[in-house]
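The data blocks that follow each hold one structure.
The two complexes that follow have chain A in common; it is paired with chain B in the first and with chain C in the second.
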Partner chain A sequence: MIAEPIIGGHGFSVTLPATWEGRIYQRPTPSAAFSPRNRAAPGSNLADAGAGWLGEQTRPVLHLGNFALPADRGDYGSGAVETMGPQNTFIAILEFGRECLGTALYASVGLPRVSPEGFDPNALQRRIPGQAGCQFFFTEQSRPMCLYVVLGSGIDAPALSAQVNMVLDRIRVAAG
Partner chain B sequence: MTAVVVIETVILLVLCVLVLGLLRSYATVLERLHRMDGGLDGDPVGSSVPAGGSHPTPGTARPLPFPTVNGVMAPPAVLPRDGVSDHDDWAPAHDVVGQGLAGDIISVRTVAVEHDTVILFLSSGCSGCAGFWEQLADRRGVAATGSTRLLVVTKSSDEESVGLLGALRPPGLDLIMSSSAWADYAVPGSPYVIVVDGPSGRVKGMGSGTSLSQVSGLMQQAYGDGASAPVLGPVNPGPGHRMSRSTTKPIVKPRSDTERETDVDTALLAAGIYPGHPSLYPTGSPSTTRPGAAR
Partner chain C sequence: MTLTERLVNRVGSRPGRSGPSRRGFLGGAALVGAALAVNPWGYLVRPASAYDTVCGTQAACADGYSAFCCTVNGGSNSCPPNSFIGGWWKADNSSFCGGSARYYIDCNAFRNGPWQCHCAEGSCDQRRVACNQFRYGQCSLDVPASNTGPVVCRMVSCTPPWQQFGGTCTSSSATDNRTATHTAPCNGQAPLGGLDWVAGSDGGIRLAGWAFDPDQPSTDLQIAVYLDGVGVGWFGTGGPRADVNAAYGISGNHGFELSIPAGSGTHTVQVYAINVAGGTGNPMLGSRTVNVGAVPVGSLDSLAGVADSRIRVRGWAFDPDEPGTEIQVAVYRNGAGVGWVPTGVPRPDVNSVYGIGGNHGFDFTIDAPPGDHTVQVFAINIAGGIGNPLVGNGSVRVGLAMGSVDRAAAVGSTVRVQGWAFDPDQPNTSIQVAVYRDGAWVGWFPTGVPRPDVNSVFGIGGNHGFDVPVDSPPGRHSFQVYAINIGPAADNPLIGIRAAVVQ
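Right after this comes the complex of A and B.
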């Protein structure tokens, strides 16, 4: 019997099921502006400046996946979803600023659950053949958030979405 | 006369005490050296597994998955159990939970996963780790590729210099600060390398060395060309270090070529142009697909 690790921080807590790993982080406030041009410049070290754009207010992010999450990932999983296999799933929950509270986009209350028919390749941040995604905006514990899910195979959405809901059941969000 | 005899007797007694103390300290040193050589408690010295050798000792230990070089601490031998498969002989592995350098909370699976994991236990301050950090920072340096994952684990932030680690950690390298992982794997010191067999969730190799390439070489020698051998390859699985499909042997290019091609790749990736992107093949369909497309 393998113990299920629990990770917690930044107001999130998750009990990870077997094969799932997770990361909770908040990017440091960027101290320098960057663009794709200087991002690709030889010798640039974005770790020092912080990824993002100058003046950005960073918020907590939770990433979960049943595959090896790479060290460098975008908030919406870029860098990770490209490595997914057909049976892999990626979940991102991103918090937004309190100015979003009460707005129509975040009117839905509570961490949503996904359904197979809700997944669409067009919902992906960037389309990758075979994959499908979905996105929800909601408010949980007075914290405006976004749930973004990517399935490795849209064809297997019924089985994979059930896994997603099983993991979502294990997420706890502390009051903001 | 009596006084002289008494003085000589006292001197003799003092010398005897000194000699006994020296013999005892000598025995302690020998015992510690014996343990460092991988000897088991209670075993005669001659029956221990020597450093640099991977031969089995009948009835006491199974062969080490890969040997360590002379002068480097050998991993403890694993006692076999009757009626179990080889994989059950390996020590159980542990998932790694810790913190990243930016305070992020990280949980990494090493057990019951499809891929193997090479865990490098390093420190920001140890002199023996310099070779590892240097190779990891080099664009042509080695890291896990294919189905093998590379993970650098240091002690927790209260026992490490986070600032120094931040300077040492190259971009893209998975680094976790976790003293509990050091305890789980009973790491004797840094640098130390542990190879975890993902499907069985057991440790199939451990040891030390002076650089990543040296450890990689030892593992390659020990595993041969077997499919289960963890293959250490390039950080950037791009143009600089393609793996030959027929031999899984890395093709190493000159550093300037590698860096130039990596720069071009980085610029293309930043612009969202992956292998197989239509703009790369204006006259026909690509023969390759980008990652994740082969399904």
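Right after this comes the complex of A and C.
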């Protein structure tokens, strides 16, 4: 019997079911204000030079899906959700800063679970025909987060949401 | 899902409804030039039509994205009534922000508010309004999810939201580069400005102009300078320009004047104003071609009439842009071109002063008929800089004897007339001088007195001094001396007049 893979990092760990894959990452924090002078400087990293401004805080992001996650994804799954088929599911968990603790938006405590009726074709970052989504803001282990789930087929929400909850059960969040 | 939402979704899903209307498309054809002007980087590197560049890609309702606030809020890049700032994301390396990150700030409706899902009716921004129930989550943290409605629209800015909306938005970022090419024509005004002048200087380029953004008319801007298509840097405005302020009725300091380094040669300089608020891009303020570098330097050290009725020309010249290379000098006699002559004569003194190598001296002769001549020498530019500068000019007598009457002094009844004379045609040979007293011929007298000073100055040998005693009656007398020509036929020039008084 092949052991199910476990991915971990940035205070997350997930035991991946068969056919699922995941990514845990945190984008680099801008270390210098952008300017063409920086970009033109010998040895400068062109990819970083235009990414954000000083003061920006990047946070850990967890992506899970039962399909091949493309390398180039937006934090809420753009670039990945467009490739989903009807039986595919995408899960994103984004962490936010501690300044969010105790606020109304993040008042809910604990990683939520989804229900079929909670999915809506308009509850998507970008509406894609056939898909449905849902979103929750919460705090887990004193870490403010957002759970965003996209189903490849809203019609199949009952079956797909069960898969989602099965995967959510496998997510562990370390204390912040 | 409401009935309205169902209708919008159905419209959005209809095949063939993926682009703007035909009317809008035809209108967009006229925008090609504008697109090139406002978005030079994005337009040239991205496979999108000019129409897309003005309104952005994925602008149809069917594309599933939310509309821009200026489209639905009377042209204002702000949250419309009954909405709040719900969160933000960024698209990195955006051409709309001069290659930096561009920020999108969602305006969410309040739950159960008056907003209804529909497609925007902008000229090309026909994205969704109050349809997408989604929140980015960094702003207005006091508004709970339970009171959060759909995204009415999104604002756009090149300024980070935690700065622009400090106290409302946090700095925890989310990134979605797929929206980098989204925009709308109404997203504010592009900066205005002008590139007043560009000039090449020694080792660089100087330029000056002005720029301001009508959306924030008192704010100093940045300008981006490109040299031959490569970004050099961003530079701030900040110089006072009372004329600009008066013309536009604004305040602030919107002038710029700066230098950028540039190698010798011809360069193209382009200057863009960086948008600080809305607007469809960073307009080019101007493009100029400029020649950079130093013109040659040099000196005409001496001109001398020499044997065989020629002029000897000596000096040095080099081009600082290529200081080790020998250049040429152009010679003119009496305003007429004689020819180009290469340098190549060692001049260690010049090399020492300028710290350069090479042989930059010139020493040559040119033909000239007997008489007085003017000579001009120009150094020929071989690299940057404009023009071939005059390095020297002078006058010279050729083919005629020359000399000077240094003094005429009476000793008793004898006046001693002293001076020097020689003929450049035979510079080592003594000649004769003819002496006149009060206009009456006295006689011819040979030179032959040593005059090392004269020899040194003219670089000749021989003894060219004269010391002629002339017995004279009491009274004041005028002595005129002529040098007697010994070369090719020519006049015998008067070389001086002196007065002496015999007691």
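Here are a few things to note about the model shown:
We adopt the following convention: the second predicted complex is superposed on the first by the 149 of 176 C-alpha atoms of A that agree within 3 Å, B and C clash if a C-alpha of one lies under 4 Å from a C-alpha of the other, contacts with A are read in each partner's own complex, and residues count from 1 in each chain.
Just so we're on the same page, contacts are C-beta pairs under 8 Å (C-beta built on N, C-alpha and C of every residue); 3 or more make two chains touch, one makes a residue touch a chain.
In this text, all values refer to a predicted model and were calculated from it rather than measured experimentally.
Looking at the shared chain after the overlay, A:P28 reaches chain B, while chain C stays out of its contact range. When the shared chain is aligned, chain B and chain C each come close enough to touch A:R126. Of the two partner chains placed around the shared chain by superposition, chain C is the only one that A:A104 touches, whereas chain B remains out of contact.
Of the two partner chains placed by superposition, only chain C is touched by A:F136; chain B is not. After overlaying the two complexes on the shared chain, residue contacts for A:E56 are found with chain C alone; chain B is out of touch. In the superposed pair of complexes, A:I7 makes contact with chain B only, with no contact to chain C. When both complexes are aligned on chain A by C-alpha atoms, chain A residues 27, 36, 39-40, 47, 72, 126, 128-129 touch chain B in the first and chain C in the second. Within the complex, the chain B residues that touch chain A are 95, 97, 100, 102-109, 111-113, 115, 149, 166, 169, 171-175, 201, 259, 263, 266-267, 270-272, 274, 289-293, 295. Those residues of chain C lying in contact with chain A across their complex are 1, 5, 9, 12-13, 63-65, 89-90, 92-94, 98-101, 117, 128, 131-138, 140-145, 150, 160, 162-163, 170-179, 224-226, 230-234.
Per the touch definition, chain A reaches chain B in the complex via residues 2, 5, 7-10, 16, 18-28, 36, 39-40, 42, 45-47, 68-72, 81-86, 126, 128-131, 152-153. Listed in rising order, the residues of chain A touching chain C in the complex are 27, 34-37, 39-40, 47, 49-53, 55-59, 72, 74-76, 78-79, 94, 96-97, 99-100, 103-108, 120-129, 133, 135-137, 146.
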